[in-house]
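This report concerns only the one structure given below.
Each chain gets a letter, A, B and C, in the order it is written, and its residues are counted from 1.
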Amino acid sequence: MSALLSVRGVAKRFGGLQALSNVTFGVGDREIVGVIGPNGAGKTTLFNVITGVYAPDSGRVTLRGMDVTGWAPHRICRLGAARTFQIGKPFAALTVLQTVRIGSLNRIADMAGATTHALGVLEQVGLAAKRDVEGRHLTVIERKRLELARALATGPSLLLLDEVAAGLRPPEIQEMIALVRRIAAGGVSVLIIEHVLEAVMRLSARIVVLNYGEVIAEGSPESLVNDPRVIEAYLGEAYSLA
Amino acid sequence: MVGLDVVLQALLSGLFMGSVYALIAIGFTLVFGVTDIVNFAHGHLVMAAMFVTYVLFKSAKLDPYLSLVIVLPLFFGLGALLYVLVIQRIVDAPHSAHMMVTLGVLLLLENLANLLFGGDLRGVTTTYTTSSLVVGPVAVPLARAGAAVVSLLAVGALAVFLRRTALGKAIRAAANNREGAALVGVDVPRVYLISFSLGTMAAALAGAVIVPFSLVSPFVGHEFILKAFVIAVLGGLGSVGGALAGGLLIGFVEALSSLYISASLGNAIVFAILIAVLLYRPWGIFGQAKV
Amino acid sequence: MSARLALGLAALAAAAAAPLVAGQHLLTAFIVALHAAYMALAWNVAAGYAGQFSLGHSLFYGIGAYASTMLYLKLGLTPWAGMFAGAVLAGLVGVALALGVYRYNVRGIFFALVTLGAAEVAKGLADNWDWIKGPVGILLTMKNAPGEFFFLRREPYYYVALAMVVAMILISLRLERSRLGQYFLAVREDEAAAEASGVDTHRAKTVAIGLSAALTAFAGSFYAQFYLYISPDTVLVFEPQLTMMLGTMVGGAGTALGPVLGSVLFSGLGEALRNLPFENTRQVVIGSKLVYAILLIVILIYLPGGLITLGRRSRRA
């Protein structure tokens, strides 16, 4: 398996809190990998390190064979890793089309071409009807779809999804799972952080379990359900492991 | 070469004005710390209080210190009114809206004063306006010393109020974390109202006590807001202790720069310091970095 | 679209014909309004589109005024060319300022304060710089020399100001439809999300400030040629900055026509009132400023997007 993304020995500390220590894992081409762990396990910090929001204190991140450790977020995005935000950050005063087109402009410099591309992405995520609605007027699921579309429009080879199912109702979660599957089937690798375990278990071929900033287990969803380390980490939340 | 006595005199003058600046800046920083509102009209509230004090002196022969019994409640009420009518409606708007709306209040106060009093500089002469006490090599100007003492007392009283009283603790809680404070039962809208009123009252107190030795015009507010802003940033926005230290620092810098460098460069120097601080220590000289 | 174009051309024709009916006083008010509209649009590039709320644009205005004037007086360069030199200089200063400020991640009100401080420092330096005559300022002689941007009558100034506003509106519209303009909007809305969309936010912000600074400098040069007197107390104070902000925020930030609307309403009407033969002009002028202050507060509370949003609402209804 050729590694699209490789994270090696990454550590990150905030003041007295060791948010990540010695995290090592990879994502291959056309792979869907999940990252799970209880609240505060360091999932979002891991995303922030991979996408360049924070530089790690130690360790390396490589993407498509390039060492991107310490790169600015926009350069990492241009190289092909696009992320969504846990709390949807729509451009509140911009329309859905404008928002997605900003991502498209990454690959297509002219406005007409970028508009066509953005409309195609909106079609793909089922937001085409909302193209002229401003971000602030969207519902929760629409915001999640918009986040996905914005990231997808940048033309990534790796999509990093931060809690795309959180806050959604069960039927909406099903829709979201189907959508992510379709995107992955189009040849995009996906790294997914998810608190809603159902979503991540059904989507991922392989799962990395974080606890207190460390990788405590890694394997197929089936192998992890009965792993005592995982159950212990989720103690108190174990009911949601169903 | 400047003699030692002149330097001492300048330092004394810096100490006195610095104390008043600190009081003005604390009103400003209190409002910002709690409500997150940058009040550009703060300096013009000082100006408004100066005019009220001036009128009370001219029309009723009321000494500026005695007039405090009218000025302080009046401006507490004015602050509350301003908050309810205007500020409350923009608390959740972006900073650019805060700046523009309070700039509107500034223009309102300035033009109102200009309409009522005209643009000329005016002043009062009290029995102690020119009195001073000679102590060794320096002369202590009484009016300025009085303003400094009152300002420092007010700063101290405010600090005690914020630390010791239930309301003060509620104000600090709301400043730290609005949602958290609301969750533990703090009446956040009321705390905002009171903080804004207190900030306005601090501006008014400073305005009243400098009347015996300062000239007032509708335009003096600009100088005060620039200083308050700089001092508040130097001290770390929202920090009372920082504002006190920042106020004294700016008082000294101003006094010494007028001694050694051209007075017209005074503001430029103050701002150059400010820019350097903002670039290297955006949390202020006396503030602490947030993790 | 073509209806809007027709409306625009009609407005332009009306504006072009205005000097035929307006007296010199009214024409002055028109020039002041157009000048304010131009400044507002130039500031709007940084503050309205890119969300970089600079309070230091008087610095760029002052650079424009002094650059064209000094180049004319010392080197005999016509201000028609000097204003471009001023724009380049202001653009470079803007870029340098932006690089410094963004390098240290100064944002929001701190950005506003640093830029305000930069203008204050510049004023202090100008006051103490003998070569540009310090606080005394520089007086230009009134004469008729169209090749050197001097006219005896108001009409030519009016047409120059009008051309500047039209050009600035076209630049704004072009910006709105360009990749750069879209990047500006993304930066204004949310920098983290912009970065995650592949936008180099530092670069976009720096370009926004540099471009806006250069465009603002042209206004400073125009001011010098029209009023024939510049000093730190007229061009490097907060006044020009205030004019830009009032027009933009009242009319509608981040739009190509809002700043024009706001400026015509605020600066134009103010100037017109100043020149009407009231018995006590002073009170009327101050009174009108008082009304403006109240209007500013009310508009920003109830129409945070500016007056231009009124038009949009009624069009949708």
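The rule we apply is simple: a contact is a pair of C-beta atoms (placed from the backbone, for glycine too) under 8 Å apart; a residue touches a chain by one contact, two chains touch by 3 or more.
These figures come from a predicted structure and were not determined experimentally.
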Innermost chain, taking as reference the mean of every protein Cα atom displayed: C
Centroid comparison with chain A (C-alpha atoms), farthest chain: B
Mean-CA-position distance for chain B and chain A (Å): 49
Centre distance in Å when chain A and chain C are each reduced to the mean of their C-alpha atoms: 43
Chain B-chain C separation of Cα centroids, rounded to whole Å: 32
Numbers and ranges of chain A residues touching at least 2 other chains: none
Touch list for chain C against partner chain A, complex: 177-179, 182-183, 185-186, 189-190, 192-202, 254
Residues of chain A defined as touching chain C within the complex: 51-53, 72-75, 77-78, 82-83, 85, 89-94, 98, 101-103, 105-106, 109-111, 114, 135, 150-151, 153-154
Partner chain B, residues of chain C touching it in the complex: 47, 51, 53, 55, 100-101, 104-106, 108-110, 112-114, 116-118, 120-121, 123-125, 127-128, 135, 238, 242, 245, 249, 253, 283, 286-287, 289-290, 292-294, 296-297, 300-301, 304
Residue ranges of chain B in contact with chain C within the complex: 38, 86, 89-90, 93, 95-97, 99-101, 103-108, 111-112, 114-115, 222, 226, 229-230, 233, 262, 264-269, 271-272, 274-275, 278-280, 282
